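Each of the next two complexes has subunit A plus one other chain: subunit B in the first, subunit C in the second.
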Partner chain A sequence: MSKLFEIALGIVTGIGGFLETGSLATAAQAGAAFGYRLAWAILLGTVCIAFLIEMAGRLAAVSHHTLPDAMRERFGITFFVVVFAVVSLVSFLVLASEIGGVCLALQFASGVSFRWWALPVAGLAWLLLWKGNFGLIEKGTSLLGLVTLAFVVGALRLHPAAGALASSLLPSLPTHEPAKYWFTAVSIIGASVSPYLFYFYSAGAVEDEWDVSYLGINRLVSGLGMGFGGFVAVAVLVCAALVLHPLGIQVDRYEQIPLILATPLGRAGFVLFVASLAIACFGAALEIGLQLAYLAAQGFGWRWGENLRPREAARFALVYTVALPLAALVILAGVDPLKLTVFSMALTALSLPITVVPLLVLMNDRMYLGDQGNGWVSNAAVLGISFIACVVALVAIPLQLFGGG
Partner chain B sequence: MELARTVLDQQVIDVHDHAMGKVDGVVLELRPGRPARVSAIVVGGTTALWRVHRGLARWAERKLGGEGHPARIPWSRVLRVGVDVKVDTESERSPALRWERWVRDRIIGRIPGA
Partner chain C sequence: MATRVAWSSLAILAAAAVLGCGGSARQAEAARTVRSWDATVRLLERAEGSGAVPAGFARQVREAASQGRTRAQARLQPPPPRQRAP
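For the complex of A and B:
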């Protein structure tokens, strides 16, 4: 019974935790600019993250190592420092984006500019990490995150054409604005495959003391949780495709974004949009703050654990205590949250080989996995998607930044 | 030698299973006519930095003095090598946790609710 409960809870965590500023912004942008056409990118990203999450959980359950711990041990300090720097940088930018997302939601609700919300939001997040425990943070934010299911209701109300949507799950070439099309595609993949997700998951699995009896749960939770999560992201794309695309509204004018729920659901839709944005981004900010601390502590051998008091794991607590206000400063300085988000997601896609390949090497190492190593399907899928996303990002980012499409 | 390669960069835990750092270095004892033997593991200080960047390590040693005070744990005190390297040491008094104590006493411990 308790296993069944854990499966349910895990799936809820996946659904509630999947949508954050990155997937919301990129899916909305894709829908507004290209209709259904980029749905395939969400599918690819979701498949990739489901495999990665499953791997991180399996590594923890079989070898009792968290990901940074195993990487340091397997590849040595020099290589670990490189991965540490890249993952920290990307996660920090995503953290700033999430704080920006909460601030935008508060701006929609109050009319007060997003900049002034940055420090209070970071302060509240810090307080929860300082006082809370792991269960509260992981389960609480993902249960509240279920509010994002409002996008599914909204999408259904708009009566999407099932045939057209299904056919756009297959990759297609752009009909117009090719640079923007590919840039948005890699941003979507980057948003789904944010490294904080699987690093956080691996720390959680060790924190919850998983063993091999959890392998079945792990497989179900990662597959179904991420699957349903991706489904919500597709719903966002559908809402944007049916509300904004016909009107020719681009998402860069973010006053218009709440329309994607306000059109199908009226006044309640506006409230649900603001709540979804605020909760999803705030939950992600908590997870990223923790993940930065996990990464450093597990890689350098410090005491760690969100269930310890701050003074029992001082350096661990120091990381999030510094990271949260620093990320808030980026927003306070007036950086456009939406531009920052999309840029961070593209950068995530670019860095995928560095964040993903070490995990793949570990997953094929019998020293760590014994006979629970990867099969060729998961190896090929993750390697293929990561490299394609990286190459496309390499071409699309400069084109986007220096005015191509 | 094989042992040195295995334990390097592994997690070190003390008698109470508290994390106290990584195996940042290994001290080898060279014995004439016989294979070298691991005589101690080194935790903390500038040990790991030497393996990342020599110039940086030299600079850090000038700033911190000595080798940045690493803990040298004789191999006889290593209790077991598994997922972690468990050693017969109290980490609370070990120089390996010098920075942990500094951060706790100077920064984190001063914030209410720590």
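For the complex of A and C:
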């Protein structure tokens, strides 16, 4: 495969794979409640995840280590178990949210309650992981995910004010509802910087047998893929800001969100919204299911690989075989998918230092990276964004839960 | 001793202030939620009228609006007065 084609494919999969239930719901909530004002949070989250993805790819290409594998080797098993527990918990909640997103899309299309779809959706995801290979999971769902570009078309049809949108890319203080403003901001950052994204990417780079010749591709794919992906999330925020915000509609239930695309694009907009939600969330569910298996297998030294047959990597396959139905049970129990999504995203932001700092230490270790270690810009950007998001989450989550703002 | 009393009084005042603010903030939030659901139904009617959403989906939004409105209105009602024991 030519390098140019690989770059194009990587960027396209980055765009198609960026949007999922977390980024969709939090961007829609932000646009509805605060207009364009929280666009800066999407920009901040996108910058952070682009750096993290690039680092995870570079680590794999230079050291041929996946992230959990290097972490256990560098910090020891006790420390790894702590990171493993935090990342697994956050990823499990996000997995349940993604399954919830697919189920809601099916409810909107069929009228049958989302709860009834939970087990069939988890079953289909399991079947694809069991029978499929890495290329199918990574590229297939991301290419289908290009349907989410419908939000860009919808936003353009609504004629956003470019000047106002550009100025909202700089952080600003809230004019009303400060607790909700900061809670939504950290949820957006949490949705953008989900740890499953860079853990999955690092495992994928090793599955695809990257070496140092891939460093340029890695930089382009992470920068442009995530950049354009963030652009789609901004388009969701713009649609909500121009359809829901002027009418004073706040997003309390997922049922309100399809109207942001049905208003500018008519029936086609509704259909595209349902397809976007179903495909984006299903793709993310597959990736998170795999990432949970990668994390456990690579961290504990089991045999792993989506390109191996399940019987050749039995414990690896067992992890997603258990995780998928368990996550489906959360949705089957009737937990509100929107609340679960937003809470999971805020929790992700809260856990960022635990998930990000070990990666930064590895990226500055010459034993692993040689002369390909991090520069001060990427260190400062990722560390700064992670700690700010964590501190804001620490303050905003209790305020939002107990209503002090 | 006096310092301890002063600190505990401050803590009680802070807690009362936070709880008080929380109560009025919750009422304002409930009123906003009711208005938001009314506006959602009006937007839905427009979308349904132009054929932008199918009838089945419109039913789901109306049901969600009815549930959300009822829950928010319950938060707006003042709590019933306490009855004295005979």
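To be clear about the criterion, the second predicted complex is superposed on the first by the 404 of 405 C-alpha atoms of A that agree within 3 Å, B and C clash if a C-alpha of one lies under 4 Å from a C-alpha of the other, contacts with A are read in each partner's own complex, and residues count from 1 in each chain.
Everything that follows uses one rule, which is that contacts are C-beta pairs under 8 Å (C-beta built on N, C-alpha and C of every residue); 3 or more make two chains touch, one makes a residue touch a chain.
Please read all numbers here as calculations on a predicted model, not as lab measurements.
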item	value
Subunit A as common anchor, with subunit B and subunit C clashing or fitting	fit
Which superposed partner A:Gly111 touches (first subunit B, second subunit C, both, neither)	second
First (subunit B), second (subunit C), both or neither touched by A:Val81	first
Which superposed partner A:Thr321 touches (first subunit B, second subunit C, both, neither)	first
Subunit B versus subunit C as contact partner of A:Ser63, first or second or both or neither	first
Partner chain in contact with A:Arg303 - subunit B first, subunit C second, else both or neither	first
First, second, both or neither for A:Arg72, with subunit B first and subunit C second	first
Superposition-derived angle with apex at the Cα centre of subunit A and sides reaching subunit B and subunit C, degrees in steps of 10	120
First (subunit B), second (subunit C), both or neither touched by A:Tyr201	neither
Least Cα gap, in Å, left between subunit B and subunit C after the two complexes are fitted on chain A	38
Contact footprint of subunit A on subunit B as seen in their complex	8-12, 18-22, 24, 43, 48, 51-52, 83, 99-101, 103-104, 107-109, 111, 113-114
Residue ranges of subunit C touching subunit A (in the complex, touch as defined)	18, 21-22, 25-26, 29, 32-33, 35-37, 39-40, 42-44, 47, 50-54, 56-57, 59-61, 64, 68
Of all residues in subunit A, those that touch subunit C in their complex	107-108, 110-111, 243-244, 247-250, 252-253, 255-256, 258-259, 262-263, 265-267, 269-270, 402-405
Touching residues on subunit A, where the partner in the complex is subunit B	63-65, 69, 72-73, 76-78, 80-81, 130-131, 297, 300-304, 309-311, 314-315, 317-318, 321
